[in-house]
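Since the structure comes first, as structure tokens, the remarks are kept for the end.
When the chains are written out, they are named A, B, C and D in that same order, and each has its own residue count from 1.
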């Protein structure tokens, strides 16, 4: 068989592990040919690719980023995107395409699949917000990086008797905030799923100081917002330099908490370090398994599907179902975290 | 309520996170009293304990080891062990005991539970060999430590054109070998579940050199053995100093592979570093959730059970079922690893 | 003898290692008594302290922060600060004070020493800008944290074909930028010692893209400024929320480079993670040696001095000389870095 | 100019950083040509090399091992080695050779230099035993790896109330043992420079248990030996499998201490992980500076010399002086460590 693979959307530790695994399983075990499209769907639309043999994927297992490059181009947003994709698939004699990507990518994959292309998707998001899989690779690495930073920040907050508000990734869901906050023993965790009440948050943090503690760590997901009407808040938009204002919520919270608590408060924005670099062992294993099972699905002709982790098993779910809704932090998971705050 | 907690058996990253979580959930949310027995079951048998309040568990979340100490003493191996345990539970007015431990501990817990004691167990093993839970805390940390070591060893093996045989923990099961080997891209993985054929192993490693590669990494679980009759092998026993011979298999394999391949081969035994030190974020979250749910089980009166992870949920399983059989590496998981070797 | 120790100024990995070393050397080897003042000079001014015995410093060697707390209060800025300090020294019967701190602290130490107090200082700054010692503890940790972040950011920059401008600590000197930039293979390093020419910087970064590279990493010290007249620049001041504008230069550079290069550029501000958490082995050894030698100096009566590293030796330098001038990055060190950019 | 570079002897983190730096400085700044000999001196003797341009050294800065390979072949041990080396230098039109290696390599370099070859050496050893430089790259990484392992082992020793004897690298000198032992707060440090008295060591460790502590960590350099006549000891030689017995001293010590203290004692041998993998930021900076200055020395015609760190400066020392004697741990450095044991 001839299989095309591509990586699309934001960077995510483990992408290279999937690519490597696809090549190993397909080339070595099945005698397939694998090509890699450059820069996500763009490569498919423009017929820009290279052959991937064992040498091409040597030494990339633990490498962050993606050797194939990535863009956010979606074929379904172009007028003739679907036609061009179909054209190149036919021209290149491809028996299957394995796109590795997040929500947007999987939605495009579904449309292409509906249009008749043989597709097996592999989900990818550090945010862990794809509902049909227990977890996605990249998430464990992001949580690990954030936790390590929080471990470091704790001692500096303590020495200086400060409130530190640490902003982690998560525009729509608070998974990274929840897990890193639990893992590092944060004193408050603020997630997009539960608009925060600034009075309540002030009370929680203030209670620590009243109990004689000298510092507090608040973890906040970048997409968190105050409950309507409780606090002036500038959501999103661009900053004074015309850049996307990703740093918004921690900065605004730090000002507000400093004023209310009369304690020094500082914002720390972890940013891109959460999505780059060497994946954890957990993510490498998961990514490798996804790659293996994607090739198996191709050989079984199970198109229109996506690999997913359920318990300890890798299963396939229909692409249609995969992107139906966002996996948000449920109330009971948030409650677990609250007890140890 | 009054709850006693204890840690028993080998060291495992995450024990302190469970203790802390039990105390936070029980004391803060339920208004319970918590005591911690010293040195595992021994503390229960001797009535040796201390009170655990919030201060007692401050700062221990990321700490390796166990603040309560641990021994391998099992109450059920003592003639009057069960009676003494019951006596102290009555005397101390305990409403529940939460033992945190591995297979042996959970078996003892089951017997004590059958004898009428109110017990909710928390499973613990870096080996990941407890069948009724998807995974146990400590495993992710052990795999992480082993993977990091393998990452380091790869470059040194490559520079010196050697075969390195790296022995990781796992007496009865090969989970650490499987996951760290997959994560680090080992070239062969040897597990206790599949007695190895030395001829076959020589062929696999030799094929790498024939293909022009200059080194190979073999990961072997400490409990691995050759297929009967294929190779002289000294299993277990004690070494010349009367110490347990935990280093056996890698050493013997290195001698054999060196002789057969005529390549320099060296054994590296990772040993105790795999079970000590700061737990990964993954293990801290899992351990914290186990502690939380153990307290909930106590309050619901769900005794004779054990916390378990199933997918993304923490559930309870009967202690009887929990220790029925060992979770070994199944053939299909091993097959996934083989493709990328 | 009776020795008082205190930590003053910003957080710095290794402070606890010094405290522990002072206690071990003084108490165990010399039979001294050691007390620790709380919150820096503040504790001395207010007579707020606690006794430090071996138990008090157990387990703190690898701990970030300072068990004694720290503030930026300087006794010499208070009208009666010197007199109050002298008063408490007399009252407590102290034979020596060992203040551990940066430039400001050491200046105060000098004034107190000139006023007759028996002082041996220990230099501390993650910025590495104290001229009379080869290096200070904390610097290696800060460089390590920054380098690890840069390693991670490289893969994400590469996958997304971006320019990342990474701001590291260093208000007056560029040591952290220089070392982390060299260690991580940054493509441009911008330090306060050399006001940057935006045209030149654009050319350097642009040349990479012309050579076919797909990304660039620029490391910039927070105190870096453009050469006068070459670019509109808002130095320091406060941001729109009334907070100190520590994030200034990277943000402004990213806007400017994006506009000029027509490539996506993003700012990442590493912030406080650089000064918290577990110190590297290097910093723990240096801090331990500083503590040991400070006690020796006290016993030799070598007051008015500061410990310093010269080559592999710990020596003493007069406090007067210690704070004479800032150690800036010299042209020849910058040149070494340039070649590998 | 035309420059040849080679790496010889044992693996050492930072080798690739030197190679990269030589190429950057020579090719970019001086317009030189650089070739790399394969597998150490062997490549020079056999004329086996490849051209090294910027692309050839892309992405290797943080990579462990050496892209050129390494063997322990010494040209001066072959009958016609010097002549063959001279022959290839002439044939290839080389203006200089930069060998990167340890004691043996530098001795060979000296002899080749005496025989008229234009050589600038770069010292390399994780053991830090080259007298004419403050420190060598690789040492900081080895100490860091050992310290991290000790940090982990401490918690497991504590939980199990054990004595752990941890063997680190250092056949002739105890630098790694000294620094990692100080950094991790070991309770005894045993180095080759001071043959140990088993009675004394037993007393030191025993005193901890008498003082109520529950565990002890002993760090021992692989080359440590007992004071003559104090303990039966099998030095070096080969083990029962015909392999070099590098694990000797820790195993023997653990048996002896267990017997004498009546406490469980276990040996852990860290082994090759200490010399592989990603170098620390410190080692990357030092290695990069060595490479830069080696090229400068070549251009100044300063042959027969070796780069060295003195304080914060890179200087040149004559090869003759460089290898005169081993840098051992002096009594005063050992004394510093003792106080905190």
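As a convention for this text, a contact is a pair of C-beta atoms (placed from the backbone, for glycine too) under 8 Å apart; a residue touches a chain by one contact, two chains touch by 3 or more.
Labels paired with UniProt names: A, B, C, D = ATP-dependent 6-phosphofructokinase.
Predicted, not measured: the structure shown is a model, and the values here were computed from it.
Each chain's centre was taken as the mean of its CA atoms, and the one lying most distant from subunit A is D.
For the pair subunit A and subunit D, the distance between C-alpha centroids works out to 41 Å. Separation between the centroids of subunit B and subunit D, computed from CA atoms only, is 34 Å. In whole angstrom, the spacing between the mean C-alpha positions of subunit A and subunit B is 29.
For subunit B, residues touching at least two other chains, in rising order: 151.
If touching chains are joined by edges, the resulting network of the protein chains shown is one closed cycle, each chain touching exactly two neighbours.
For subunit C in complex with subunit A, the residues that touch the partner chain are 10-11, 15, 63-66, 69-70, 145, 149, 151-161, 164, 214, 239-243, 251-252, 254-255, 266-269, 271-273, 275-278. Interface residues of subunit C facing subunit D in the complex, by the touch rule stated above, are 20-21, 24-25, 28-29, 61-62, 134-135, 140, 143-144, 146-147, 151, 179-180, 182-185, 280-282, 284-285, 288-289, 292-293, 310-312, 336, 339-340.
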